[in-house]
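Chains: A, B, C, D, E, F, G, H, I and J, in written order; residue numbering restarts at 1 for each.
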Amino acid sequence: MLFHARMDVRIPLDMDPEVKADLVAREKAYAQEVQESGRWPHLWRIVGEYANVSIFDVESNDALHELLSGLPLFPYMDITVTPLAKHPSDINA
Amino acid sequence: MLFHARMDVRIPLDMDPEVKADLVAREKAYAQEVQESGRWPHLWRIVGEYANVSIFDVESNDALHELLSGLPLFPYMDITVTPLAKHPSDINA
Amino acid sequence: MLFHARMDVRIPLDMDPEVKADLVAREKAYAQEVQESGRWPHLWRIVGEYANVSIFDVESNDALHELLSGLPLFPYMDITVTPLAKHPSDINA
Amino acid sequence: MLFHARMDVRIPLDMDPEVKADLVAREKAYAQEVQESGRWPHLWRIVGEYANVSIFDVESNDALHELLSGLPLFPYMDITVTPLAKHPSDINA
Amino acid sequence: MLFHARMDVRIPLDMDPEVKADLVAREKAYAQEVQESGRWPHLWRIVGEYANVSIFDVESNDALHELLSGLPLFPYMDITVTPLAKHPSDINA
Amino acid sequence: MLFHARMDVRIPLDMDPEVKADLVAREKAYAQEVQESGRWPHLWRIVGEYANVSIFDVESNDALHELLSGLPLFPYMDITVTPLAKHPSDINA
Amino acid sequence: MLFHARMDVRIPLDMDPEVKADLVAREKAYAQEVQESGRWPHLWRIVGEYANVSIFDVESNDALHELLSGLPLFPYMDITVTPLAKHPSDINA
Amino acid sequence: MLFHARMDVRIPLDMDPEVKADLVAREKAYAQEVQESGRWPHLWRIVGEYANVSIFDVESNDALHELLSGLPLFPYMDITVTPLAKHPSDINA
Amino acid sequence: MLFHARMDVRIPLDMDPEVKADLVAREKAYAQEVQESGRWPHLWRIVGEYANVSIFDVESNDALHELLSGLPLFPYMDITVTPLAKHPSDINA
Amino acid sequence: MLFHARMDVRIPLDMDPEVKADLVAREKAYAQEVQESGRWPHLWRIVGEYANVSIFDVESNDALHELLSGLPLFPYMDITVTPLAKHPSDINA
């Protein structure tokens, strides 16, 4: 089941650089682990912004919330989730 | 080069049903032809709305505008385009 | 799996009264049939508006879109869907 | 009498972790006590956000404000309240 | 129990003048009848707009929706309702 | 001459509790003094928010600005003023 | 007593040209008469828009509403009124 | 003196095709004439929209309004004008 | 050449009172000097807000930016500039 | 390939003046280097704001994101990118 998410990152400008580096490294590791599992099939940067567009493929709403709230950057992000359905003109649907 | 687009369809409620059916059929044929070409890799319906989220893979901004303005439904849609870049945590990038 | 939806009805002011009465009657029958099935557990009117807040309990995003796009009033409504998850403080969760 | 509320939590990122843990624990206890009383029949998490959708069943506007302003997290939340009425198509109304 | 409502009137510009005059006359009669009953204690025009700010004093949300949806101009208005509570600094509360 | 005002209070979360208590006490005293003078005939709390809706009855725009900017909480509030006029359907006008 | 108003004109695109010419002529005559009276001291066009910014000098809110609702174009305009006060740095105040 | 303008075209969907073709042809001729004069140095299409971003180089605000309101499509466009100044980092300024 | 500006002042609540007093005094002196020069013909307070509406009469966009960015409060203000043109119904134009 | 960007600068008001001076100097050097390369053909100040409108000419979305995220002020800016295409009425296209 697919979901679209836009995530805007708002790390405080005065965060300690080491704390930030560690946070960003853990975010990357987590993101890649979820991608490997097949549950985060697409992840793109929005040009000019510290933000991404993501597609998630999960079994339920609860599973998606658990995944997202587990992101190390979760407390520093504004996330908007949009549920997706098959499009009647999609040649792969 | 990837672009994200959200398209909201606003066909007038009083459009002649045959005209509308023809328009929608031509839209579907056009959309599928572009998908076959590899330039429209993803097309999803937004749940509960007559709208879609699409990902386009084109060589230039001009090519994307030509593609979008050629959609039979173009005069009846509000389209918002967002350019995408590689994300540093994307395992496929 | 639960979803929240807000639906704003915008029937054209000049719709033929008989056509409108028939449409509204079919909407009611459809809504009640879905409620009986257990997939539309809550339906409330927003005070002062021709709009409702609904909770849906469906198996997937695709199922929800099929349900919503089957509403007789679908072409005349603006619908916004929000996916819901269990809340950690919910005593029934 | 039913009311819909959306609550967005904005706890300062630099709050002392013990203070925050205590605050969140008191919020949960308060929320569960109100739920037990029957005055907060529904409480859902919005997927991907530190926010909830709630339904309250109270005797008056004053009672609802007293309930909400008593929430331990009240100073850290943006709350929007919408009054609800019976929907003519609700099979339980 | 008090509610605040803002009502914006949007009568179609091409409505037949007699139909409009009759509609507005019925609106005025209805509004004055509700005022006489004590359930619409305040009604003010917003300067420069075809809109009003109203205060209603009703026994319940359902009563307010019934009152508002009975307005002859209801199909031609955008109404936003806000529930009010006693203010701790109000000398009359 | 009547004016509608919505006031949203935004006291910094880290204000010293004694300073805040004093500020709020002075605000209440000021508000009650103005009410006693007849220039602030209505003051209501918005349910679920640290905000109020007020009606002022003053002789001029300058008088209203002087009154509002004299509020002890003025530096901590977002205020929106809307001028009101007699409504043709008001039975008291 | 001064008020700021922004007025956006939305004449229907299909209005009969003679009807429109007459309407616009009457608007101009009315606007100039009010200017002559000293109650509309400033009237500017917003560059690129069919809109204006105006300053009115009237004795009361009711007087301003009467003046504005008497504009021949009133049914075709969106008007937003903002009350003005003396500025402490104004050398003429 | 430079100005930035965004223009969104909203031609009615039911405009007679010949009338529309004539209108669009006159718009193009007018736009090219102004470009030739050096007063409209840049004109770009916004990808996916019937809209443009333009830069104008004119002697005054009045000259810009005269230029814009003379566009054959002026009654069918929403235009937003932003005045531009030299940027201190511009290597050509 | 006339421009309309709305300026909202946002001085940090924790600014040192002496620093603030000095800043505000310098702002006033600067504002009055520009007014004396004839380039700031109107300056009004918006009722209930720490904000003003101003009209500037300057020779160019660059001159206006230089004037505005020289305001001692410039770093603490949100300013929106709108270019104005002669209105065809203005009796003084 | 052309892109339009609006950049709003939000440097914290309490940044150390030397740190800020260094940051702004590096921003200017970077901006001028990119301009020299031909990839940043236009850069304008928005009158009255600490903001600019820019046109970029780059080979791809990825190249633009790399360019923008390399700006020394990038962490302190809100940037909105809009892809541009040739306009059919552009005499140079």
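Definition applied: a contact is a pair of C-beta atoms (placed from the backbone, for glycine too) under 8 Å apart; a residue touches a chain by one contact, two chains touch by 3 or more.
Predicted model only: the values in this text are computed from it and were never measured.
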Chains touching both subunit D and subunit G, listed by label: E, F
Fewest hops from subunit B to subunit G - one hop per pair of touching chains: 2
Proportion of interface numbers common to subunit D and subunit E (over half same, under half different): same
Selected pair, greater C-beta contact count between B-H and E-F: E-F
Maximum centroid distance from subunit C, chain identifier (CA atoms): I
Subunit I and subunit J: spacing of chain centres that average the CA atoms, whole Å: 27
Inter-chain centre distance, subunit E versus subunit J - centres from mean C-alpha coordinates, in Å: 50
Multi-partner residues of subunit F (at least 2 other chains): 2-3, 45, 47, 61, 64-65, 81-86
Set of all touching chain pairs, with the criterion as stated earlier: A-B, A-C, A-D, A-J, B-C, B-H, B-J, C-D, C-E, D-E, D-F, E-F, E-G, F-G, F-I, G-H, G-I, H-I, H-J, I-J
Residue ranges of subunit A touching subunit B (in the complex, touch as defined): 2, 4, 27-28, 31-32, 35-36, 42-47, 52-53, 55, 82-91
Touching residues (chain side subunit B, partner subunit C) in the complex: 13-14, 45, 47-50
In the complex, subunit C residues that touch subunit B: 3, 5, 12, 61, 64-65, 68-69, 75-76, 79-81
Of subunit B, residues touching subunit J in the complex: 1-3, 60-62, 64-66, 81-86
